[in-house]
Every structure is written in C-alpha cells, then in structure tokens.
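After this come two complexes, each holding chain A, first together with chain B and then together with chain C.
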Partner chain A sequence: MTLNLLLQQLINAMELGSIYAMIAVGLALVYGVLRILHVAQAGVYAAGAFIGLFLYQEIGSFPVSLVGAMLLAGALGMLIERFVYRPMLPRPRIVALIASVGLLICFSDIFRIIAGPNQLAFELPSLRGSYEFAGLVISRIDAVILIGTAGIFVLLWVLLQKTRLGFEIRAAAQDLEAAAVMGIDVRRCVRWIFFISSAIAAFGGVMVGVLYNAVYPDMGDMIAYKGLALIVIGGFGSLLGTVLASFLLAAAETVLTTYTAVPLSREGVAMLFLVLLVLIRPQGLLGRA
Partner chain B sequence: MGIWSIVALGLNIITGYAGQFNLGIGVYMGTGAYAAALLTTGAGLGFWLALPCALAAAGAMGFVTGLPALRVREDALAVLTIGLVFVFESLLIYLPWFGGPVGIGRIPAAALSGSALGKNGYLALVLTALLFVIALTLYLKRAWIGLAWAGIRENELAADVIGVHPARFKLYAFTIGASFAGLGGVLYAHFIRYITPYDFGFLTSIYVLTMIVFGGIGTIRGAVLGACVLTFLPELFRFVQDYRNLIYGGTLIGLMLYEPRGLLGDGSFVWRRLTTRWHRLRTAIAGHKAAPSGKPALAAAAPGVQKGNVGAPPTGAQESLLQTRDLSRGFGGLLALNAVSIEVFPREIFGVIGPNGAGKTTLFNLLSGTLPCSGGGIRFKGSRINGLPPHRIAGLGIGRTFQIVRPFGELSVMDNVLAGIGSRHCGRLVDALAPRGRSAYRAEARAILARTDLGAYERETAANLPLGLLRRLEIARALGLSPDLILLDESFSGLSHAEARSLLDLIRSLRAEGMTIILIEHNMRITMELCDRIAVLDRGAKIAEGTPREIQNDAAVIAAYLGAEAHA
Partner chain C sequence: MASLQPASFNCDPVAAPERSGARLTRRAFGAGMLAAGLTGGHRALAADSATIKIGTFGPFTGPAAGLGLEAKKGIEFAVAQSNAAGGINGKKVELVAYDDRGNRAEAVSVVRKMIENDGVVAIVGGSLSLTSIAAAPVINEAKIPMVAAYSNAVGVVKGEDHIFRWASVADVQGWVLAHHAMRERNFKTFAILMQDEEYGRGIVNGAERALDELKGKVAYKKAFAPAEREFRAIMTEIKGLGVDAVIMSGFSPSLTSAARTGYELELFPKAQFYIGCSATEINWYNGIGSYGQGTIAALEFLAPTDHPFTRQFVADYLKATGEKVVSHQAGLAYDSTRLVLDAAKRGGASADAIWHALGETRSFMNLSGVEVKYTELREPLLPIALASWDAAGQQYKLVKFEQDAALIDPRPWYKYYN
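And then the complex of A and B:
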C-alpha cells in the first residue's frame, strides 16, 4: 500500500516534471543562443492551449488539432523573434526582458478579449478514464503526457545531436558570432529555435489544458516564472541540466507539500526550493563554474 | 503617483546606479508597508514612530536579500529576485501574523500634531517625502558612493582592482534602495489604509521596473516621469477599459523597440532635444551678458616630471618590494604557472616576457588577487598578500591594467580617474558618503590626465575613445590609487610609434618618482630599452632572469622564445 502510494506520487511528480521541462527546455534553448529571459513563453504556452482547443472544437480530431496548435504556436514564436527580439539584440539585455514582459501582458489581454475572462473547458472524452496496471492507476491523459514528453525529448535529442541543423544550433549556442563567421546561417538557427521551443510549449499547453480541463489566459505564467529559475539551476543553456532540474523541482514540490507542513503555498515552496538551489550552486547543476 | 515615484527611485538606486538586476522591489515595499501596518494597528504606535521602524525593517530586508546578490549576478540574480517575491508573498499569506490573504485593514491615517491629515495634507506629506528622496538620491550620486556604484555597474572586476569592494557597495545599494521602497510602502499603507499580500507581489515589482525603464533607467527624472506616466496611463485609457492592458503591454514593446533608453534617458531622442534647446538658450543669454570666456588652459605642468633614466637599478642589498615564492596556478590539469619565484625591488622596472600562453597574465592575476593561487606565496612590502581580495591588494598600493581593456565605458574620462582616486577616500561608509566634487580631487585627477596626455578628453565618455587612449586611461585610473607598484599588461600593444614613445617617457618619470613597475610586453625593443631586469616565462615556468643583456645572450631563452620566433 505505501509502496503503491509512493509509486503513485512518483508518477505525479514525473508528470509535473514533464510539464515544467516542456516550458523550461524552450526557455533554455532561447537563452542558450540569444541570452534572453523569454518570459513571454508563458503566453506562447497559453496560445498553444487556446489554439488547440479551438481547432478541436472546429475539427474534432485531437491529434490533428494538437499538431496544428504546435505548428501555429511555432510560427507565433518565429514572429516574436523576428519583430520583437531581433531589433533588440544589440541593446542591454534588460530591454528584451521588459519587451518580453510587455508581450506577456499583451498576450494575456488578447486571450481575455477573444475568449473571455473565464476558464474554458477542454473536454476530451477519449483521454478520460484510466489504465490499471499492477494495482497502480494511471489515467490515460497521464500516460499520454509522459509518453509524449519522452517522445518529444528523444526527437529533440536526435535533432540536436544527429542532424546538421542541430549541429549548427549547438555551434550558435557556443558563440553566435563565431558561428556566423564560420558560415552558419545564424538567423535560420534562431528561427528554428523559436519554432521548436514554441511548439514544445504549445504541446505542454494543450496537454495541461486537457489534464486540468481548463484553458485560461494566464495559465502559463507561474510555470514560466519557475521555468526561468529552472534554466538557472540547470546551468544556463544546458538542456540536460534544465530537464534534470525540472524533475528535481517536481519531486521536491510533491514530497514537501505532501509530507511536511511547511507554512507556504505550493508555489511558495517551489520558489523557496529554487532560491536555495540557486544560492547553493550559482553555476547550476550542470553548468561550469 | 508620488508614492510610486519614491519606490521607483529606490529601484533606481539598486538597478540603475549599482546595476544589480532586481525584479523583486515589491518585497521591500511590502516590508515597509506591513511593518508600518502592524506597528500602528497591533502595537498602537503612532505614524511618526512607526515610520522609522518600518524604514529600518525595509533596509534590513534589503541587506538580507542583498547577500545572495554577492553570489550570483545578472540573469541569475534577476531570477533569484523573482523567486524571493513569490516566497515573500507566500509567507505573508501563510504565516499567522500577517492577516493571511485578506491582509491588514483599518490602518490609521497619518496624523500631524494630534489631528489626522486630510487628503491635501497627505499629498503634501508624500510630496515632501518625494523631494527628500530626490535630494538624497542626487546627493548620493555625487558622493564617492555614486561613483563606486557606477564602477561596479560598468565593470565589476575593474572596480575591484582599483580598490572598490564590490560586495560592500552592493549591500549599501540594496539597503538604501530598499529603505526608499520601504518608505513608499509605508506611505502606500497609510494612504490606501488596507493592504494585502497581493499588493506587493511579482506584478507590482515588474510594474515598478517598467516605470524606471520607461522613463530612462539610472536617472531621477526618468524614475519620476515613468511613475507618473504609468500611473496616469490607465486613467487616461479608461474609455477603452477593455484594452487597457493591451495598450500598456504594447507601449512597453514599442518603447523598447524604438527608444530603449527610455523617454528621458541619457542619449534618448527627447532628452537630447531638450538638452540642446536648453544649451542654446543658455548660450544665447550668456552671449548677451558677456563675451564667452575661453576654456581654461589645461593644467599642463604635472608636478615634478623628470626625464631620463634617473632611478638607478637597485642593488641586491636592498629590501625587495614584491617577492613570489614557488607561485603556482593550475586550470584543470594544466599548470598555467609552475613554481615561479621572482623578486622585484623598489624603483625597478621589471619586465615579464614569454611566448603566448606562457602564464604572464596569470602571474598578474595572481599578483592583483583576481585569481587565487593554488600554491606558493606572494609577499608585498614584507607581508603576505596571497589570498587577499583584489580591492585589499589595491588598497595596499598595487595598481594594474588589463591586457583586454576594461574601462568604465559609460563614465567620463575624468570620472574613470576619479574612481581610482576615490577608493583611497572611501574606506569607511562615512567617507564614501562624502561628496566627491571637491576641487582638490579634480585637480589631482587633472594632473594625472595631463601626464598621461588625456587632458583634452576629460569630458569624453570612455567608451568613445580608441584603444590607444583607453590603454592610457587604464594607466591613469591605476595611478589614481597612487600605487607603489603598478602592473602594466601589454600597455604598448596597439600603440602608434609616437604614442609608445610618450608612454616610455611616462613610465620612466613614474619610476623617477619612486614607483615600481612590472610590465608584460611582446615588443622586444621596448622591453630591452626600458627594463632593468627581465624574467622569461615559458609554459608556466621561469626559464631565465637577468638584465636585458644577459637575457639576450641566454641560450635557453633563445631556444624557447627567440628561436621559436625565428622559425615562425
């Protein structure tokens, strides 16, 4: 029984970790190349959820609307890069950060104007219900999230390690200027990075929308704030470190809020944990000193 | 509006002046507000008694949260402060003493001589407080502390090696900035008279940050303007209620795209227009009054400049000024410096040469304390200095320059040199708070600028100078310390022939005044001509030491260095 409970908790933590990782990896990719704290990723994440929901209501096929949401959100990310961030790159980095905050405010207002201030339900009967597995209950949506995340990260790994584009992206992340001098089309890399990270965020947004059966304008905010802290803890720009940090945070959050009586909200616990980690290891889990 | 201006000015100190990213100003504002609210409602103190206590609480909070800033910087610090805001908000909600999510209500109005202040009276109070904060900010900016902050903001390492203790001044910035924000918080609490944890959360902090960036970061006018505009903007757009946030966000993006310095920031379009107008107006008025007085001639005569190779090479009997024993430093598995022992005597010009990667700059980094050594020891004037932080070593009288120049880019040439002079004058907080405008300091700085041939560029912004002048500026800044020993890291590289000549003369005249010089140099002619003795490094080890003549004839040197060059 206790073992079962523990395993159940583990699955919960894994799921939470996957959700964090999906937004944090995108932030880490963007930070790795452009050194921008891309707060507006929260807006892209919510945009993904909204687009996914609308497409699903129109088309009725969940896989098609999921892919559609990812593609459209990816395009949205590319637009943000082209028209907001690119002109700001030579400026001090606080400029892009403020603009990113401005974007986030705009996004959440646009969603509110289009879809209204209330939560929208993302009802998806085919993913309700659950599997039973050796006494463990895994809901279908949990399974889809876990498998989907694993699939996306394997794809991302293959893309970064095995393809020419991935090689160019990794080079650009080391040194943007040197990569440009060596004949790498840096702008193309950056476009792709925004496409990829936005698409992954949209996947996360749609999945969380289905999981909690709720889509609303600022659904991504808290996750994005944590995501920023996660890329610091992961070691700025280190993808593996960021993924590790995501699962670590999820585990700590789950354990601390279930088993102890800390006088803090769930978010408070998570943030406290992040603050402490940053202080103990300022260079990040896998970052170099 | 006045309240937000005060908070914005607090953040301006931390982020604008000292350059420390902070997305958590709400913490300090909240500390001030909650302290005042608790003291007046719970402990029954009057407004005027609660005020100083609340300011102290906010300042203490600034100090405590400033401590992490010593470990992390820039983006990590920004993220850390985001975390702190959420922890703070969460603590206010969940700890039993703060009234939970509903906060604290029925906060008494501020009273003056027994009667509660009305709306106008309170407005007067807020404006007085604002004027006080503006005056204090102006004063701080003109005191040594303002220059130290600017140095840390522009280049922390360079500030450290001219004797500014970065940690200490960052903490001052956090403490002072936090108490400003706390003052804003107190005034807010007694104005609204009902506070909740959500008033001081992340969004509030971001809101204040956008104010100072909007108006122009690092300027008082910008902080006040930003606070006014951003508090009025929502009122102004009341008729489009639904799109208010959209307009707010859009304004931020637009401003960052087209005027990233802020509306009234230094160098922004509006501010440039205003200042040139003002200038024209003033010259027009002055023109009527009297003929323009010519620029005062440069204080040309530097005191006691003697020419020629006056200082005699020291004899062995003399006490050494600097001595290293088996100095080592490894990077991973690589020994960049391997058991190097050198001895430098007072009034000596000592050269360090060697092929690229020989460990010359590493040696300088160890001597100035910017890198800890992994073995051996350094003695300066007879006492150990290894393990001391750079600003302490600078205080003992070792100045240095960098191979890759690190000027305080946004400061004027004059202020760069003053920063060097200043660190001698602000050992204690009281001294750091003294104004730096005194003519004695300026005269000292002018004398240094004159002898480094920089007098004509006194008002120029350092970032606009070409490399040759920046190298001289770094020397000038180090001279501000009036050091006994100065470390010059390839100061001749990139200099024209004439510039190199005048630098040679400068180095000789410094030595004639009693200064000791260690220099790293690639140019053999200059090294041989200038130095009394030379040490040769190769792959981290010292392979020879002696007079230029001895070095030129040393077989090991020719093989390792000159030989290698001949083959190339």
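And then the complex of A and C:
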C-alpha cells in the first residue's frame, strides 16, 4: 500500500468515524446521567434527516434547514424525555430500554407512512464535487462533515467545561441524587441533555442524508446497534472514550472490510470489536473499573 | 386502457403436463358441496364463481416495502387492464394481496391463508428470493400455480413443479455482463463487489465463471452485507488497482451509493461500472442524482422502447399511476400477471387449468415487445437488455437486447444449486 493510499483511507476512516461519533456522543450523554440506553436516539437521527430534507425543500437554504432540523429534533428529544423516559425512571432500567426500542420501531413506521418506503433524494449541488491536493481526493460533503463534527465537539467541550450548565450536567452525571440535594435543577439538566444529544444526532442525520443522497425510514437501524456498541466500547458514559471508540471502530471497519476476507458486515465488525473489548477490558476504553 | 391483445403466445400441446388435476377439481367440487368451508371445497368453488381470485404476497411494510409495493402496483395495473377489457372469459379478476414483511415465516403463513381461506387459483409476483424460496414448497404442495416475478434465485423454481418464473436467473445477468465487458469492450482486469445473499451471489457466480472462461483477471473481490451504503474505502482501493471494469451485484441502495462514491473518487467513468437488474428499482432513480453516467446494467426489460405495445403501456401506466418510471418489480410483476391471466383465458379459471396452460406456454411477449421463449424448466429465456444510464435524461438507453440462447439460458445454472 502506498503512502498516498494509506492517507486516503485514513481520511475515509475519519469521515466514517465522525458520523459514528455524532450519534454515539448523544447516547453517551444520556447514559452518563440517566443510565438509560437511549436506542431511540437513532430514530431522532432519522427524524432530523427527514425534517432537514423537508425544510430544505420548503425553504431552499441548507444552513437554515440544518439549524432548523437540529432545533426541532432537539425539541423532539425533550418530548421523548418528558413523556417516555421520565415516567419510567422509578422502574428498572430495562423498562426504559424496551420502550426505547419500541419507540425506534414506531419512528421507522411513522416515517414510512408519511414519506413512503423508498429513499428520498437529498441532493445538494453546492456540496457536489471534490477537492484534490497531493493526490488525495476529499469530497466537499466529507470536508463539511469533518469540519462540522470538529466544530460541534469543540462547542460541546466549551459547554460542558466552561459554562454553568455544563458544570451542572457533569455534577448530575457523577451522582444525580447528590446533585439534586446540592440544589442543582437536575430535571433542567436532563432536558438540556436530551436537547443537545438530539440536535447533534439531527446534524448527523442531515449530513448522512446528503452524503448518500438518501433519506429513508429505517436509516436509523444500523446506527442504533452501532451506537450501543460504541458507548460500551468507549466506557459507559465517557464522552471522550465514545469519540475515541468511534474513530477506532471506523478504522477497524475500513481495514477489515477492504483488505481482509473476513466475511463480516460492518455491524458484525462492531459487535466483534465489542465482544473482544468486553473480554479484555470490561469497563471499556476510558471507563472506570 | 390497452387490451391484453398484444400479448401473443404460442402453445405446444405435445409438451403439456399431464392433465390429471382437472378430474381432481371436479371431484373436489362435488365434495365441496358436502363440506362447504373446507379448504378443498373453497378452491373448487373459486373456479366456478363469477370472479377469478389471484393472490400476491410481498414486503408491503418493513425495509423492503419499496420493492413489494412496486410489484403490487404492476399487478394491480394488469388486473385493472384485464377487468376494463371485460375480464377473463367474462369473469372479473379479483386480487388478494398479503404483506409478508420480507420475512420467511410470514411468507409461509400468508400463502397458506390465501390458498386455504381465500381460495386463490394462482399466485403472481412472488416476493423476494428468500421469502419465495420459503413459500414455494407450500404453494407447490397445494398445487396452486405461481409465477414469481422478481425472485432471481434458482431455488425458487427448482424442484417445485407448480412454480414458474418471469425473471432471469441471477447468474445469467452476471454471465451476460462479463461477456459484454470482455468480448465487446475488450476489458481485461476486473473488480467484483458481491452483495452477500442469494441474488447477489448468483450474479457474481455468473460473472466469475464467464471471466474464468474468457481469461479475464479478477484483481479484487469483496462481499458486502445487503443494505450497505458505505463504499469509500473499497472504491479507494479499487481505484488504486487500476482495473478496467467493476462488476457489482446488489440492491439499488447499495448500487446507488457505490456509483456515487466511485464517481466522487474519480474511479468512474475511467473504469466501466456494470450492475444487475436492481438498477431499475425506484431507489436508483431517487438516489443517483447527476452521477452514474454510462453505467451499464443487465435489465430484464426496458421501458420505454419503440415497440408500440411498450409505448402504449408506458402512457397508460403513467396515466393510471402517475409514475414515469416503470420499476424492475412493477414491470416484471405486470408481465407475470399478464402471463397468469393469459393462461386462465386459454386454459380455464381453475388452479389446475391455469397450471396446465402455463406449462403449455412456449412463448410470451414481454413488456419490451420481445417474444420470450419458455423452457421446460418453467423458466423464460428472457432476453437481457443491456442498457446504459443517461444521467442527463435520468433514464436507461438500450445498448442491445442480448438474445443469444448460449448467454441467456437459465438451465445450465441449475447444476450449481441443490
């Protein structure tokens, strides 16, 4: 393999890892505070793509559609928290997990009823084409995804580390009850967590819709399984670990699905990765033992 | 509405299956008078009612719903045309449709239901290869004829004497594509991408055997899971190998993504992209956008062609459904329904009569206006329309109809499947 090819594959893996990270970070945020495996996040991701496409068709401005989709998906996430998870918090967490899986299936069916079973095009002429330098090719949409993901993670870091809300979220993630006793409005924290994670998922949904020029009802299915694998691999609730896991998994997939005869799908690679890591390091990459 | 008249046929009574079933039907009718409500009676009564009930099943919900609903559209259109033209020998045709959700167990359950409860006399359309394979033994045991429309796996028809097909065998598509690449384009080195299920494996089996025979070189081969959309790394690797052509099997979402990625990475059109019949699924038209110019597909029909029947069909279909595109599933299901209704017209409206008439069919004109021969294995010698994607016009343009029996015959492929 030439150096050029290696660098090109590295870019490919980073682009894939960015997509995974956008989904998994939201899951890690929710898990970190509520200890709920929020599988329905994948439905929110698909909802974001549908909303973004609808707004783009109506308004014609991609940036406005993207922001609109993030805001509306954020609101959807808050509604899910208020009307699905909050009533279930006193019950065993398995109840919330089952509800979350049910919600994901419902989302998929609702999209199918509203938009039909076939994929819809999310064609953005301004993001067509590619940049080429030193023999490396990077498509415009890939560049936007990489830059956008980096921007979102910087903003998330600033929010969590440098703001009052971030401090409260971190406190709630350490111990929800203790944070409440200390006067932190944990319900407000949880609402914001769902808003933020859903908005990030919508960003991912819109970008993936444009990347593959396809928005379709079950586009969240693959992400749901992979997201779960990633938060386990990253270390339950560890944001940094989840991001790291996303990029490592993308790199592993790139190598295994391109250069080996291993007859595994990408999901298979993720689950194999998960099993191996759980055997070697049960707390995940950056989780606490 | 166009009539069914252009659908010509040519029967060979000598080769007809034994007519033992006709007696059984009359006996069943007599018994049915005593045992109304029982399965056999229901089936017998269906033959004498004012309507002819035919069934279809397919994925109408779930991830593969797009395929099933398209097929249903083609079947409904054929039934509506028939009824508008006066029905079959004075009887209206009634369609019974069940959703199998793309699930094997569900497919078995719904075919039992349509046979035992609804009393259908024939089944059209079939479903995905995997669900049709599961349902075929049940249908065969009940002695209900079925014409599978978009199931390309050999196992759907092989060994089930009541199952017919109106589609090509997947292997034939790969065989034809590879012959075109090597004989007519003089390509030497290839990359092969295979969707890892019955249909995808069939196309690649055909392509590999052709490349082997014609001394082509496979520089890269990779299997991928159905519904895969991420091909960046694979296309990057293929680009580095400098192959002449890429032959890919798969459903349209994967084909679309691979084509777009290949063009973005500037692999295509420098290398020729070859794909199978899923190239005319709705998701290709919705997803390919401005990419894909010059991609060559092996199709089982092409609409529009210049044939008057095809032109009339396209106009009527657009008027009735609002669809400009005649998808792979809709077109094949439309033809398979015409074939069943034509058999009912010739042979009679009972399951047994339809089965015999189907068995006697020696040729039938397809949607593209091509006369298609039928083999003794209940498989058509379906010409493969090699077509090139015109990105500006968003349609396929005919390169040629491959009618060489040595290339399109499904029979040699049976030996590879138990």
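The rule we apply is simple: the second predicted complex is superposed on the first by the 288 of 289 C-alpha atoms of A that agree within 3 Å, B and C clash if a C-alpha of one lies under 4 Å from a C-alpha of the other, contacts with A are read in each partner's own complex, and residues count from 1 in each chain.
Keep this in mind: a contact is a pair of C-beta atoms (placed from the backbone, for glycine too) under 8 Å apart; a residue touches a chain by one contact, two chains touch by 3 or more.
Because the structure is a prediction, the values reported are computed rather than measured.
Engineer: Scan A:N118 for contacts with chain B and chain C and give back first, second, both or neither.
Structural biologist: Once the two structures are laid over each other on A, A:N118 reaches chain C alone.
Engineer: Who does A:V67 touch here: chain B (first), chain C (second), both, or neither?
Structural biologist: In the superposition, A:V67 touches no partner, neither chain B nor chain C.
Engineer: May I ask you to decide whether A:D109 touches chain B, chain C, both, or neither, giving the answer as first, second, both or neither?
Structural biologist: both
Engineer: If we overlay the two complexes on their shared chain A, which of chain B and chain C does A:V232 touch? Say first, second, both or neither.
Structural biologist: In the superposed model, A:V232 contacts chain B only, not chain C.
Engineer: For A:L274, is the partner it touches chain B (first), chain C (second), both, or none of the two (neither)?
Structural biologist: Touch partner of A:L274: chain B, not chain C.
Engineer: Taking the superposition as given, does A:I94 touch the first partner, chain B, the second, chain C, both, or neither?
Structural biologist: So A:I94 only meets chain B here.
Engineer: In the superposed arrangement, does A:S265 touch chain B (first), chain C (second), both or neither?
Structural biologist: both
Engineer: Check the residue A:L37 against both partner chains and state whether it touches chain B (first), chain C (second), both, or neither.
Structural biologist: First partner only.
Engineer: Using the superposition on chain A as set up above, list the residues of chain A that contact both chain B and chain C.
Structural biologist: 109, 263, 265, 267-268
Engineer: Residues of chain C touching chain A in their complex?
Structural biologist: 61, 63, 65-66, 69, 196, 222-225, 227-230, 232-234, 236-237, 240, 253, 256-257, 260, 264-266, 282-283, 286-290
Engineer: What residues on chain A touch chain B, complex-wise?
Structural biologist: 31, 35, 37, 84, 87-88, 91-99, 101-110, 113, 225, 228-229, 231-232, 236, 263-265, 267-269, 271-272, 274-275, 278-279, 282
Engineer: Please give the residue numbers of chain A that touch chain C in the complex, ascending.
Structural biologist: Going by the criterion above, the answer is residues 2, 5, 8-9, 12-13, 15-16, 109, 112, 116-121, 123, 125, 128-130, 137, 139, 212-214, 216, 218, 221-222, 253-254, 257-259, 263, 265-268.
Engineer: Hey, which residues of chain B end up touching chain A in the complex?
Structural biologist: 15, 21, 68, 71-72, 74-76, 78-80, 82-84, 86-87, 89-91, 93-96, 202, 206, 209-210, 213, 217, 242-246, 248-253, 256-257, 260
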